[in-house]
Every structure is written in C-alpha cells, then in structure tokens.
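Letters A, B and C name the chains as they come in the text, with residue numbers starting at 1 for each one.
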Amino acid sequence: MSELNEAPASIQLTSSGQLKHFLTVEGLSRELLTEILDTADSFVDMSAQQVKKVPLLRGKTVVNLFFEASTRTLSTFELAAKRLSADVLNLNISTSSTSKGETLKDTLMTLRAMHSDMFVVRHSSSGAAHFIAQHVTPDVAVINAGDGRHAHPTQAMLDMLTIRQHKGDFANLKIAIVGDILHSRVARSQIHALKILGAGEIRVIAPKTLLPSHIEAMGVKVFQEMSAGLRDVDVVMMLRLQKERMQTALLPSEAEFYKLYGLTNDKLAYAKADAVVMHPGPINRGVEIESAVADGPRSLIMNQVTNGIAVRMAVMSMAMSGQLTDIQKQPELI
Amino acid sequence: MSELNEAPASIQLTSSGQLKHFLTVEGLSRELLTEILDTADSFVDMSAQQVKKVPLLRGKTVVNLFFEASTRTLSTFELAAKRLSADVLNLNISTSSTSKGETLKDTLMTLRAMHSDMFVVRHSSSGAAHFIAQHVTPDVAVINAGDGRHAHPTQAMLDMLTIRQHKGDFANLKIAIVGDILHSRVARSQIHALKILGAGEIRVIAPKTLLPSHIEAMGVKVFQEMSAGLRDVDVVMMLRLQKERMQTALLPSEAEFYKLYGLTNDKLAYAKADAVVMHPGPINRGVEIESAVADGPRSLIMNQVTNGIAVRMAVMSMAMSGQLTDIQKQPELI
Amino acid sequence: MSELNEAPASIQLTSSGQLKHFLTVEGLSRELLTEILDTADSFVDMSAQQVKKVPLLRGKTVVNLFFEASTRTLSTFELAAKRLSADVLNLNISTSSTSKGETLKDTLMTLRAMHSDMFVVRHSSSGAAHFIAQHVTPDVAVINAGDGRHAHPTQAMLDMLTIRQHKGDFANLKIAIVGDILHSRVARSQIHALKILGAGEIRVIAPKTLLPSHIEAMGVKVFQEMSAGLRDVDVVMMLRLQKERMQTALLPSEAEFYKLYGLTNDKLAYAKADAVVMHPGPINRGVEIESAVADGPRSLIMNQVTNGIAVRMAVMSMAMSGQLTDIQKQPELI
C-alpha cells in the first residue's frame, strides 16, 4: 500500500461546503464541527426515547470495512448504522477475498458496484481512508474509523461533545492530553479539533520518548511532568497506552509509566477542583488510570461511550446527505 | 470471576412481580411460568403466519453476549430478537476486547452506555447471568442462555411448553429425565420448572457417577436402571452427554453408556404406550438415543426447536416490558 | 456425504411450473430464464433509487448456509436478502454444530423447525443443494450458491443478464468461454443457460488438460488456441483459475497459462471490434486477464457485480413466491 497519500481535507466537502466524507477534522471549519456537535446532541436526546431508531439511512447499505480488528469501535458504528435504519454488512478484510489474491482496489470497486452507500474504514496504515475515498467518490461516503497513527476523527468529536456538554465554551478551557502522544491517532485528532473549536489552552503531557518531534508546531504546550502539566486544567484527557503499537522499548515498564503518568486522585489534585477526566477506552486500570478516578464522580468515560453512538449517527447522516447532494450534481445524472 | 454469586431470584422481578430479567426458573411462581407458556403459545401461532414479525422490540438493542460458543442457541436468540424487530449485536466475548485487557465489568458498563436494552448471556461459569444482571439493573434486561452447571431456563421452558402442548395438565404426568444429571444445567432447570408447574412425579435416571449428591432433596425419585425408571412414564426427557464438560473418567465408554441408558425402542417399551420423547439437541445418535426413536412418531425433538423460538420471544418481550416499567419508576426519571 | 445424488430439475418447479428452488439452470425453460432476467431488470432499476429496499421478503428468514467460505458471494446474497427486507442468519457450518457431532440432516431439520423460509447453500460437494432441497421441501426454498463442480446458477444468470443488457438477442451472438472449464461450475451453468436462451454459437477455449472429456456433447465448439477461438466472437467470458481446486499438476505454470490463455488486448483483437469482456471475479490480474482489459472500456466486470445483486433478488423473490404457492397446496393445510 505504498500508493497511500493523504489527500487535502477538501475531498471531504461538497462544493457548497457540506460534509460528504469524514476522514479527518484537520482543515474543517468551526461551523462544521459545531454542526456535527449540534446534530449529535439531537441523537443523544433520541437515544433516550423508547424507540431509538430514525429512518435517515433506510434503504442505504453501510459496509464496515475493518482491516484492523476492533470490537468496540465496530460495535458503535454497527449500532449507529442500525439506529439510522441502514442495512449493515460487516467485512473483516484481513480474512476475506484479499486472501484470494484480489487487490484492495478491486475489493473497493466490487463493493461500490454492489451499490454500497457508505464505507466505515478502519486500517493500520495512515491515509487509508483518504485513499479509499479518492477511489469511490462520488458514489460512496467514507467515514474514517481510525487509520494508522493519522486520525480517529469520530473519537475526537465524541470527546468534544462530552467536553461541551459538561464545560460549555471551549475558549475558557485549559485542556491536558496525557500519555502516548507519539503513537496516538486519537491525540492528533483531539488537538486539531480543540484548536478549531478555539480551546483556551491545549497541553500535552508525556515522556520525551512518547512525544512526536516538533509537536509544539501544532500549537500545544508541552509538559513532561504531571504536577506542572495538570495545574489548573479543566479537562484531563488520558490516552490509551497502545502496547500493540510500540515496536521499540520506549518505556521502562508499565509500573514506571503508572508511577509517573498514571492518573491517580493524588495527581488529579493538581487540576481545578471541578476538572473532569476522560479516556477513549478500553482502559488499562493501574496503567494509565487508577480505578478510583476511572469510576469516580469526575470521570466522564461512560458519557464518552454514549456520545460515541450519537456522534457516529451524526457524521453518518450528514455525510450521506452531502454525498447525495453531490451525486445529484453529477452532469451525467442531470 | 471469583466474585460470582447467585443472587436471590427476586432480582428477576419488578416490585409488582413482573419478569424483568430471566435468569432461572427457581423461585418463580406457577402463575408466572404459566404466563410465559401462554405468551409463547401466541408466538407459536404467529410463526405460522406469512409475516412472522412483530414490532414489540422495535428500536431496542439486543446484545448476544456469548462467552461460550453455541451456534444453535445463538441462532435461536438471534432469530427471536429479529422477529421481535429488535436491532441485534452478536459479541463473541472470548475473542473480543477482554483480550485487550478490559475487565468484564468494563465491557458491561460500556455496552450499557451504548444504550443496549437487553443482554442475552451465555457463560461457562455458574452465576454469570446473575452477576451481570446485578451490575446492569435497571437499565438492561438480562436473559440467561446457559450459565455453567447452574441453569438454562429458556431450554426448560421450551420443554414445558412442548409437554403442555402434547400432554396437557402437569399434575397427571410421570416424567423421567435421563442421562448426565450431574453436569446438566438443563436438568436442574427442568426439575425446578416441573416442580413449580406441579408435575405428578419427577424421576431422574442415571449412573451413580452422573448424579449430584443429595439430588433427592430436589424432590425427585432416583433410578439407576432404565427398566424401573421408565416404567409407566408419560414423558422421557433425554439429556445431551456433555462430553466437553466431563473432566474425569465418570463413564466407562460411550458404547457402555448407550447400552445401559441410550434410549432405544426396546427401552421405550417400558414407558406408557403413548409416552413422548424429548431431547434438547444436538443429539448424539447411537450415544444417548437410537435413530429409530429420535426420528420416530413419538419424538417431539423438532417441536422443541420450534417452541424454542416462541419461548425466547416470550421471555424477551416480557422482560423488556417489565424492565421498562421498572425504569419508569426510578425516582430520577419522574 | 456419499448419499449425494443429483435430483431431476423438476424438483425446482411447482406443479404449475413456477420456480420454488433454484438449484441449476439445466432443464429450465427459456420462458422461465427470461422471467428471471426480466425480474432482475426491475431490481436493477430499483437499486438506483434512493431507498433500495422492497418488502417482498418481510418477515421471512433467510439462512446463508455456507459450508465453503466465500466472502464475496455471501455478501451479495446477504445484501440481496436485506434489500428484500428479510431477516438474515449467516451460518458458517464448518465451524458450527457439526463439530459437536450433529449430522448435516439434523442441522437442516433443526433450521427448518426454526421456521426458516429459505436456505442459500454453498458447498464443496456437487449435488449438495439438491440433497438439501430434497430434505426440506416443501417448507424451505433452496438457492444454490455454488456446489462443487456442478453448478453456480445465479452466477450464470447474472452473466446472461449482463449479455442481454449489452448485446440484446442471444440468437445473434458468438460467445467464447475461456479457461479452466474442467473445474468450473460457472462454465457448466453458463453453457446450459446460453443453450436454453438460444445463443448463436458457444465456444470453449482451454488447454486439453482443463477440458472435461466429451465436452462437445454439451453442444459447444472446442478450441485450444485463443487466435482461432476468439475469432469474430461478440462476448468473451473469462473463468477464474481455481488454484484451490487443482489437485494435480494440470498446468505448467501461471506464467505459461497467461501467455497462452490470459486475455490481453492483443488477443482480444481477434474478437469483433465491439466484443465485450466478462469475468466472474475475483480476478487474478496477470494470470487470467491483463489489467488494461479488465479495467478497459470493453470490460463489463463491474456490471456483472451490480447485476449479481439484482439476479439474486429476482430468484429469491420468485422461489419464495413459488414455495408459498406449493405450501398452500399441501393437503393438510386446506
């Protein structure tokens, strides 16, 4: 897959600026991110109803194209699609026709020819969702469910929704992102989203070995100690320690990491008294976070899960709507 | 999972006595079991219709949480949920996020936060469904699809439905349960159900090594020989030989078991002339039962399968209804 | 499965000649094949609509019984069933209850007892779909999704639909089938369909080692060289090289095969100037076909995929309709 290239963010938008793919938050406007959050809020309300199902994607086919296994993320997209009334096809591509020697592009063209309307793509290579979107535009809307170290935009948007619900305007907030920044597509997407939404101050806290070089260029303040980094913050966003992604010995040990960066109530005391705690899950108790914090009154971890369904319903319905607008504009269809 | 404890049966009921979980038949009233059978009967009729689908669980999310593989049981619950119009998510937990180090409780809390409405739980540990119900009450209804050696209540209820359809009032019946009583959650649930429904006489027939100690305390008559045990019975309920559960050499051989306890037409001659034969399936031909009996006119094995869908639809719709009643009574929602 | 026998084609039809199973095209009338193509055409139109879903199989249960893995074929049947509004159950039987010692027949009887309405069967043994249809008639409609070397009738019909859409009347056409005729259930079904629909001339092109003996008896012209075989043809139908089916060394090498039989633009020049190219997929680029041809203007490969959904919707809805007519005629139901 050496042909993978990151396309400009403009591939995500129709000529009138509507979302038609959702590949990355980078390059999107504050208005569009706010529209996603507002739409998601309406789905949060809907999910509390007796019948949590709307016909927005009825008669549409959503294909979950997972080249990398992830039960949790797959489940949230599957539920979101079903609650939008779509027909859903789950494909674990690693065990599928690529084993018969078919190329990725042939698989994509075949699924498009089956009149699929949306691909939800999870892939270990950065840029995979962009690559796929380039090849199936304008027929299929593509949602990035995590690509390599590049982006995990629905995760970032559910985090933004959770922050907005509990803390209101981003301009007044100091927010710290803690942990393995280097390998984290979640952190990259969070930083982009926070900047676009105008967060007051964005901090990253990590050991040098888990920081990308030139991270300051993204407009964040860098800390290597929790005591300084957490001081007076409103929101602490922990990252998952991606053990499966660490190919070299960047850490002395999990115990050492926990001692220095694991979020305990002791360390949380540095933050504001009403600071809230977030984590994308699944959590490693006693590695990134203490159970007393994860299960405590300031944890929003379960709110994040609930918001995850709503945000996915929002971007899926918005991208489908944009996609249809775009298809109707194709000359051959007029 | 050392924390597993059996909760009192009262956890299954709302304050007004409606079913809200279905974990075990033990402790339930004859009225409630009869309500399950009557409701199931209505679904048997529905299944013969052209469109065998009702909207009782429309907009609800049913998660099949199978910690132990079982294609047949999973299929019946999946079909039952779909015929109730639910959205269904199948999770094989052994291959899922627990492999990422997430605890069972975190998995449950996460699924609850996704606004799941019902968990169908299959687990190799006795008490697992109770444990799960304790942690997700009152948001999620839990149906036990088999937990260790403890209970398999939907299997027992489909057996009761089959008996009632063919033999009428339980009070007049002599019923024998044959085979591996020791390892059988099915047998335990059958005995409880038969006692609650007032069966005239309940017998168990097994070699000493496959009988739990103090089984007589459950109110059954114990036989070690088919000739005596089957004499004059109305119903013969064979058990599956759970080869995968036998950890020690409790049996000389399958051939020896078949010779002594396998149900043949010869042995069936001890029973009443109109006695019927049942087996929870999948059957081991030539081990527990002779093909001439399994496929013969007195076999109700296929009726049991059909009734299995109806009983599962009945307990799923009843538990969801009870659950909703309970949620509406929560103070924070008034 | 030594008991497998090919039943007469009449098992597929109701007493009034409607389709009730779809096991093979062999023995069906030109009228019936034309009805399938006409029905499929209407589903092609429907698939271009915003809501590509019709309620023809609402409340019906379709079970995909795949004894042989095939992600692509399974996906097309799953989508077809969902777009007909059926409830769908996917069973990979090789990993299922047969591992618990249950016989195939018991599995079939159990699924029938669950009120399944249709089985879509894929099996490595020739005759498997017939065998299954014999055992579940009249309750369950059976669609053959490929059985051994015998037949792959939905593939043949989607090929016929594609030819008719682009070339019109079959009587005027010269059509060549190229490649591994010996192991190909696709080729067998294509030849039968083309003959029934009255194709002007049917040719097969293959090395001697990949030709069945007495293939001429099927009414085809045999060629061993592309230059002669492709001369003046209207349609070139390439076959997939079934590497997984070749048990002996029938070919010198893939490179040698490509050199002699791989479809390149050079070889395609022997055919008519407006000849079209087809392949059932997944394609092996550089083995059976050159990328310039597969992706070129004369390739109908993606049209075949689109037509595959429409043809499957057509035979599923027609067989279900015939099945219901047959069930209503059963004496016990009057």
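Keep in mind that, in the parts below, a residue touches a chain if its C-beta (ideal position, glycine included) is under 8 Å from a C-beta of that chain, and two chains touch if they have at least 3 such contacts.
These numbers were taken from a predicted model, which means no experiment stands behind them.
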Turning angle required so that subunit B lies on subunit C, C-alpha fit (0 to 180°, nearest 5): 120
Same-residue or different-residue interface between subunit A and subunit C, half as cut-off: different
Centre-of-Cα separation between subunit C and subunit A, whole angstrom: 41
Junction residues of subunit A - those touching two or more other chains: none
Contact footprint of subunit A on subunit C as seen in their complex: 47-53, 71-72, 75-76, 78-79, 82-83, 281-285, 302-303, 305-306, 308-309
Interfacial residue positions of subunit B with respect to subunit A in the complex: 58-61, 87, 89, 91, 95-97, 100-103, 106-107, 109-115, 324
